[in-house]
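Labels run A, B, C and D following the written order; every chain starts at residue 1.
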Amino acid sequence: MKLREYLHHQITIGSWPDGKLTGMNVLLIWVILAAVVVGVISTEPEILDRYRQEILWAEIAFGVFFLAEYLARIYAAPEMPGEGSDWVKRWRFIRSPIGLVDLAVVIVSLAPFFIANAAALRLLRLLRVFALAKLGHFSAAMREILGALRERSYDLLVCAALAFSLLLVGASGLYWLEGHLQPDNFGSIPRALWWAVITLTTVGYGDAYPITTAGKLIGSLVAVGGVLLVALPTGIFAAAFSDAMQRRREAVAKALAEIEEIG
Amino acid sequence: MKLREYLHHQITIGSWPDGKLTGMNVLLIWVILAAVVVGVISTEPEILDRYRQEILWAEIAFGVFFLAEYLARIYAAPEMPGEGSDWVKRWRFIRSPIGLVDLAVVIVSLAPFFIANAAALRLLRLLRVFALAKLGHFSAAMREILGALRERSYDLLVCAALAFSLLLVGASGLYWLEGHLQPDNFGSIPRALWWAVITLTTVGYGDAYPITTAGKLIGSLVAVGGVLLVALPTGIFAAAFSDAMQRRREAVAKALAEIEEIG
Amino acid sequence: MKLREYLHHQITIGSWPDGKLTGMNVLLIWVILAAVVVGVISTEPEILDRYRQEILWAEIAFGVFFLAEYLARIYAAPEMPGEGSDWVKRWRFIRSPIGLVDLAVVIVSLAPFFIANAAALRLLRLLRVFALAKLGHFSAAMREILGALRERSYDLLVCAALAFSLLLVGASGLYWLEGHLQPDNFGSIPRALWWAVITLTTVGYGDAYPITTAGKLIGSLVAVGGVLLVALPTGIFAAAFSDAMQRRREAVAKALAEIEEIG
Amino acid sequence: MKLREYLHHQITIGSWPDGKLTGMNVLLIWVILAAVVVGVISTEPEILDRYRQEILWAEIAFGVFFLAEYLARIYAAPEMPGEGSDWVKRWRFIRSPIGLVDLAVVIVSLAPFFIANAAALRLLRLLRVFALAKLGHFSAAMREILGALRERSYDLLVCAALAFSLLLVGASGLYWLEGHLQPDNFGSIPRALWWAVITLTTVGYGDAYPITTAGKLIGSLVAVGGVLLVALPTGIFAAAFSDAMQRRREAVAKALAEIEEIG
């Protein structure tokens, strides 16, 4: 097998018949997770002060690794199925969404070594957390789920409309009833909407809550409505999810059956 | 096609064979949403002070638009299916629930320009948010859902009875145990009910909570009961919702099959 | 029809072939709900002070009504199906659970007019709220649901064991980690259990929460475990509930079919 | 029946044809629960001070009981199915996970009577709560559930990835927007993650919440995302749980049928 073909098989998921993760895939996933974890903990001042040197070396290592991976993907792109010359296929990969994500991660990972501006550095460090988006290379399952949800988008829209109406009724009611009593929390409908969202989702921080009897009645309505409204997407999601997984299993079973027939 | 027929087709959803939203429908939905958003943010004093003139112009524009739409609906009402002369059908639309909503939105949208009383103005501004109710013109799906829920109203009633009993037991218990310790929160059963609702729905603001061991035991009971009780409507809603959507899809499929047969 | 037979038909649900609520049933339900509402609001000192006389008259009326209903039930008990002489059947009703509830409600409703002790009065007033238990006369559906849940009691026991283990692990962990930092909240496992229950049920009052990094990790574990554990009874309840309702519908359909055959 | 065989039947669940709990099993479950409860309440200083002597005696009794049970299990181990001499089977039990748990419980229960170091004692007392792990002897059902969940591990992994991404986006957003306003809560991404977990699971303690408009928008996104994400594992768990229970029932029915055929 040629190097290019080997690289393609190693880097791309599902290019082997069985669709299993290759050794390179597993390595890539661990490096992405490590880069995200280092990105996350490097925002903690105490840790940054203590391990500044180690974090810097890790960042250089991750940046070089992602650059090498990006170049390997461009080099191996002609192995992807489809029409077109080598360079047409490479350009197709570069301008694809996941190709742009890969490029962005390389830039964000290596830029800090060429830039001195403090604010820009802080933003770059934050953006490094989004190396997580590189996991999109393994997103076949997520695409299936999103596809299943899209089929139910009409149902989810009705849920969203009901939730939005309840939010608006609750927020308007508390604005009217307690706007003059608690101006910070309910002094306008946009302010009251924060309370309504936090109540409808049953989070309930307790930074804002009604204090009058009428306000508490509306608050109870929103809280009970929240419990009932949670039930709607639960039903839709559960069915859509179960559908998507069923289809995936059938597709895998069919593919395995075909391989057995051939092999 | 005559103007009246054209207007009817443009304004009413589902009058074209495929039941798709017409261009006018889409425009109407966006205007309604814009009117609601302007209504919501115009209650925020800071925004109102800064953009008073722009908000005023937007309100006039929305009022005139809704007036024109209302008149067009009255004019085109004779195109609706059913028996009766043109004016009988018009009157039927005017006194229908959605016709009254349309009229109310027109009045609420335009009244501020003829009224000077501040308190009345504030109420009118608040009511403008309920232009959202005009979305009822597109409520076919919601009617199906409500119909499906009505079929299960007996089950939901049992849930409500269980929830109400648990609320009452919890509130009575804490009134008895901590009414003298925290009179503001548990000094009477109605006061303790606010705590019970906020706990049973798992919102948990933290403005009221038991402080004695016995009270915490009852609080745990209500919290655990809340989790279990949430499961009941979830099951009912999920099934009812899935039923309604199934029926809608079958009806659409049947209608499409009939169209194909004819066309 | 004899008076006794008429009374029996009026008072007992389901004695008419169709099992519909009779006029007397509907009246009884409304009186029970009214008695509970009066019982609840009469615990509010402000309302009690203002409407003391009206509440007193309402309590007398409810007491007399429940006494009359109790006597009518005893009088009509011989009409109930089963073997035995009139007085055997009456005694069977009196010592049945719902008969004892009826008696208790009568005693609790009328006792305040014969007792002067303040503490005893307060307790009696509180107990009056439990007139709600009289709704047990209409509990056929609830019995079906409880029966369905009992069939799944093994599954629910496993859930309870999982939940209890997670509670204990979380509470022990925070007792170990933060017992010396927040002795009031985590100074012993029983104290930490209150926090664990309120977190696992996702209520989250905010009266107790971890403040150290290790404690927050355990808190996150309990919170995520709570979300996952909520899913288990939801699935069990939803299935059990749907089963019970299915059976009820089939039983009603079968009964109707038999009536049609006969009639 | 020999003593060893009798002991094996009494101690091991499911060794009788019907798999019912034996008298010894029921006793063991109650002793385990009692030991856990004593372990839990003995961490409460007030109770420990008052009942120090009683708790000490109870601890000795539990320790001796668990020691006797452990020795009986070793003695009866040769009765377990499988190849090997008596001592091979005994060693197999001793080094099995549940055998090590049994040994650990015996050591933790009896060690306090041989150790005087205060810190070690406190840890031993805490560990005694984990006698609960001995319930693993009765974990057939839990093994089935875990097996069913393992089959869906791919689906749960996708959920976890979605939840983790949302956590990271929310925490990064608030770190960027409010890190300088509330350094204690959002001064680094790890700190902001605590807020994100408590919001996504809809616990909402209220110890940390956004205060700017942009921060509240991101907070609303995380709260709504939490509600939607809760729906995914609910669907998966419900289906997996229902599968596991279905299989268990079928296995029990099949076993009963076989017994009937034989007997």
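As a convention for this text, a contact is a pair of C-beta atoms (placed from the backbone, for glycine too) under 8 Å apart; a residue touches a chain by one contact, two chains touch by 3 or more.
Just so we're on the same page, UniProt names per chain: A, B, C, D = Ion transporter.
What you see is a predicted model; the values in this text were computed from it and never measured.
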From chain D, the most remote chain by mean C-alpha position: B
Same or different residue numbers at the chain B/chain C copy interface, by half rule: different
Centre-of-Cα separation between chain C and chain A, whole angstrom: 44
Intercentroid distance (Cα basis), chain D paired with chain A, Å: 31
Multi-chain contact sites of chain D, meaning residues that touch two or more partners: 190, 202-206, 230, 234, 236, 238-239
Residues of chain A that touch chain B when the two form their complex: 152, 154-155, 158, 161-162, 164-165, 168, 171-172, 175-176, 187-191, 193, 199, 202-206, 209, 213, 216, 219-220, 223-224, 226-228, 230-232, 234-236, 238-239
Chain A - residues contacting chain C, complex: 202-206, 234
Residue numbers on chain D that touch chain C, as the complex places them: 36, 39-41, 43-45, 123, 126, 129-130, 132, 135, 141-142, 145, 190, 194, 197-198, 201-207, 230, 233-234, 236-239, 241-242, 245
